[in-house]
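Below: one structure in structure tokens.
We just call them A, B, C, D, E and F in the order they show up, numbering each chain from 1.
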């Protein structure tokens, strides 16, 4: 996190892109675009452009990784070399290895792995263009790709990142707010079950700020979940998701 | 080896740390400190601080490395990044790969590998702080860790490094003597059986100097063996090793 | 390829080393020099010095690469660190990985892989000194090494590289012509069957130049094939290959 | 990738039988590419980008531009690098990890077509001879594999480069300084790759995955604006006759014109 | 690591039953850390070092300091790097080789607590902006694994940094020159990590290996001297309720004070 | 490499029986090397090169010379690097890939003999202290394995270095500039490695592959022109008596003279 000194919120309480403190960036989601994958979802969230695809359940290779009582969930979060300002080396960085692990652990609570013993389920998250909150956007897409693949799930998983900018709690940090702000807190939840499956915290939060940011992230996650459900609906039943569905889901 | 030009021995025959030509640095040994390992030993020898631990006999992975008639002995000599003056890259260097091999081949003559067919015995030597003679100190600790693990052995293995400093044979070179001196000869022996299991030579030795340094290394090795036996004794029968035991063993 | 501006052909139509436009560099071939390999051939072609050796048919490791209906053909093209002007890093470059693949695919049409199901045939091509056309020289040697190993083959494989120098089609480019010229076209053929097994093109060719260079490469390949056959003959029946055999084969 | 020999053999036999009467399983002509769709500017953070659909094969190419040190043997030329990753999400057979042999060949063959056609004038990317030049990286993400990665990737790279812009640099006291002005990458040519597969004794253009599973040999021929050949690569474990090569060259020149027009249209 | 499902299931059932009545197998309270022992200066060749015992978990951290080139986006700040190796001698499940996913997560979570608390004032490690800064490497050797590597490693790193000294540099003509004087590393804060495991529906502090084998979820919360949260990481393949998170924050703030006092005492 | 225990055991028993009466399977004396053939200048593009045949063991060494930056602890000395690759074409047991443990030991033991004998005067390879020195790379290609790679590789490296030439450099304004003049590499000594194998209780010189398959222990002793020992390495999983070591030293000094004469003859 940065020093938090750059002025990112104006006198009228508007952020650089005109958003209010608790407002999400524009989000659009499409399910099922990829031809070869068993399931897929594409999300644009702010400037993030992320494709998630799922293969499986499939045979486990190498054999010694087989789990007798459940599926082996694999996950890779990967950034395209052209996804960031400076070209990224295509080899996986330590950051990507860690994020792959926390994404896998954010998705696994929702996947009924016990239904697929001795198989592998692979989740590939490719960041084509990166902005603040790419891991929660990746999780949001990945859980849709799992659903699209017909994998048995307890709930969807959806995320949102909140944080501290100019000593104020704000929702859904973009890249500049993430780098210049003083705190970033990505959270993923199972919205129906009301459980948290990912939590990472960067920056300095008082006890009150922590709670406010954390609860805001959960609330915003539920809002994004409405869009997830609309996207799934439009994939399987055609047509556009109706506003009432979105609102109902957002409650 | 260096040029051998730095003055490392004074007129009175004393080395920079006050030792006589044939004197060992202070050595202390403790056996059995590590909780998880099947056997372990910790040695401080001069400024060397080295932990050796043994796991096994255990299943061999990958399977194709199984030896039908004996145990597979594995060994890694590794230096902690903070063990030397300039931070060491944690990836294994060519030097560490070679030393891992010669340590394994120095220990193997003493291990009755035929008693454990189709298994692996793993020896991990971690140099926490490095000084001259770290490989012989590592071997000295590793053979105790093997004994502590209850592995059947023909003898302990013990080492000492001798060399040439200011054209004089000296025992147990420290780091400066190793780098500025003109010859370093690490030797490991099975002291009871009177056999040499490791010999490496650096630097220029006349025939006479070679023999003197080599025989000195064997003699000093026997002296260190007395400390090994005292440390084992104190591990298994409690109490301090008595002087008479040490002297008897040193003969 | 370079700019094609350096003057590489003089007024009399002679190239820097005195060759005419369609003349080959000196070539010498010996079969069966290596003691351990199942088959081998050594070629000097211009300044190229290349050893090819074959092991197999042999067991496939790892097992999961086994092909049930044919042999697995493996190939490595590797340049010795001292083979080029600037020392080459011994790790395989992307160029070496690509050339290993195209050499394998140039040889495979001639190898009756169906005769050796569930086995591996390994072809190792080591460039000791490199000049223009090292991949076609390597293929020429490798197919002899396969024959020397007694592997069933439909035909030999032989190559030659032609190209464009000073806007003129020439045969068998050397290193300077390759780097300073404006086009390089390595071609490998099965000379008896009249089929092309390798074709790579670099540089700018009009339709006519393409055809002329391509057909020249095939013609020159047949000429080199005569030398291949002479070398095989001398390996298996002793003595020198007779000129008439060479001429007959070259037709 | 080949899993089921029996199925494969049956499938190939059927394909060969159809090809004998000039038919392909998806009803295309032997010399007909699948539908080509080119979108540019898909990655705004890149200096240039394109997404290409060739039938169900999908590739995204992104250009990134920075300053770099020239290679010692070309001290006054910019640097061009093409890389490709066959993403694990693109196919059930792709795996994560360092670039496979196939991905390396793909990137190098596409690179060769760009480089040998002199599409990008590397001389214009020189800033301070021997010290600083402009480096152009083109990275290709293979998103969905349905055959003929060579052509799809090549078209994506060409489209990304044709629409790429970069900071204008000025040189002061032998130091290159970036200005705020954006200028196009100096593109001179539009190379077009055309890939053929031989299945039995018939040669078809733009093979899809099903056809690649049955193909004996693959050949790519790249031509530039003048109808000249600038790159070629034969692949796979079987051979081709000289006559087939020359016929492929003619077809590549002919189809190259049509596809060049499409790429030019999509990137103007 | 999980080898014997039957044994595990039995063990976990027993643990859950005990936790239901507020008991742990080693008789600790749910919010009680194991005995914490901190030794400093254990590696005299390092600029700072500490060995931490947390129950039977043992970690050695060593600090090495050198000059380096700053990152382009922070030209006037020093460099801080935390690495961890789970040594093969530390556990029957650890293996030699490049850092595992677990070791990378461990190092990055510990790094985050140090970095985000602004424990080390990186601005004071600047020597010549954009050219030379002081680089602080902290390497952690995991010596024995008995659960909760996160806290043990974090305490070792904090203790090593609090006792680290480095050469004083002076800048002459834009060049940094080392003097013979040793000065402390500019430490401003003492972050304290507290790690929790959820087993069934109970949350315990500082899980040992046995508890980790049965845990459903792990969460680490790091606080700094002002009682503010500066880092957190949820791990393992299950979830946590929002109320449990907030309760863990409160516990971490409370326990953080006690542990901070212990670390301060051991490193003064 | 050991594949067939039964065959090995029989073979070894037979070998031990013969050695007991002073006989080797290839009729050599216990202290007798196989025929040594040295060709130099085999790779004209290298600065120096040699191909050595020791019986059927064949090694090619090539020297490449360039300028480089000295190591910080030896700012006024050139750089010498010896690398070895046991090529997959050399033996049915060699595999492609990064250098094996055996290849690393081989290169380092050969390097040690060259370095410790002070064969190459590294002080004379200094150009601009702390900035530019001459770097000498010796790469060894093991072409055919028939035992005793240590001696064959060592002889190849020594012969390649003794015949190597390099550009003469002049230093102007602290910059090293290459001239067209070629000068020899500054060689002062001719170290000779002699390798022994213990099989049962007999020690033989220059073991071939068959003998290596049965050997219990291997020892290499390298001497320089003055008859002094400059390097040694014991290998393999068994031990040696002190008396055998000293006897090997004497033999190495004696044989070293003969072999040094052969190398000198072949490289003058």
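Assume a residue touches a chain if its C-beta (ideal position, glycine included) is under 8 Å from a C-beta of that chain, and two chains touch if they have at least 3 such contacts.
All figures in this text were calculated on a predicted structure; none of them were measured in a lab.
*Asks:* Please state, in steps, how far chain F lies from chain B along the shortest route of touching chains.
*Replies:* The distance in steps between these two chains is 1.
*Asks:* Go through the assembly and pull out the chains touching chain C as well as chain D.
*Replies:* Looking at chain D and chain C together, no chain touches each of them.
*Asks:* Based on mean C-alpha positions, I'd like to know which chain lies farthest from chain F.
*Replies:* A
*Asks:* Over half of the contact pairs shared by residue number: find the pair among C-D, B-E or B-F that meets that against A-D.
*Replies:* Match found for A-D within C-D, B-E or B-F: B-E.
*Asks:* Can you give the whole-Å distance between the Cα centres of chain A and chain B?
*Replies:* About 53 Å separates the centre of chain A from that of chain B.
*Asks:* Just curious, how far off is chain F from chain E if you go by their C-alpha centres, in Å?
*Replies:* So the centre of chain E lies 48 Å away from the centre of chain F.
*Asks:* Touch graph of the chains shown: is it line, ring, star, complete or other?
*Replies:* Shape of the chain contacts: a ring, since each chain touches exactly two and the loop closes.
*Asks:* Could you read off the chains around the ring in order, chain A leading and chain E following?
*Replies:* Starting at chain A and heading to chain E first, the ring runs A, E, B, F, C, D.
*Asks:* Please output the residues of chain B touching chain F within their complex, sorted ascending.
*Replies:* 1, 68-69, 73, 94-95, 97-98, 100-102, 104-105, 108-109, 185, 190, 193-207, 210-211, 214-215, 218
*Asks:* Where on chain F does chain B make contact in their complex?
*Replies:* Interface residues on the chain F side: 5, 101, 104-105, 107-108, 112, 116-118, 219, 221, 224, 227-242, 245-246, 249-250, 253.
*Asks:* For chain E, which residues count as touching chain B in their complex?
*Replies:* For this pair, the touching residues of chain E are 42-46, 49, 56, 58, 60, 62-64, 66, 83, 85, 87-92, 96, 98-99, 137, 139, 141, 143-146.
*Asks:* Contact residues on chain C for chain F in the complex?
*Replies:* Contact set of chain C toward chain F: 34-37, 40, 47, 49, 51-53, 55, 58, 76, 78, 80-87, 90-91, 122, 124, 126, 128-130.
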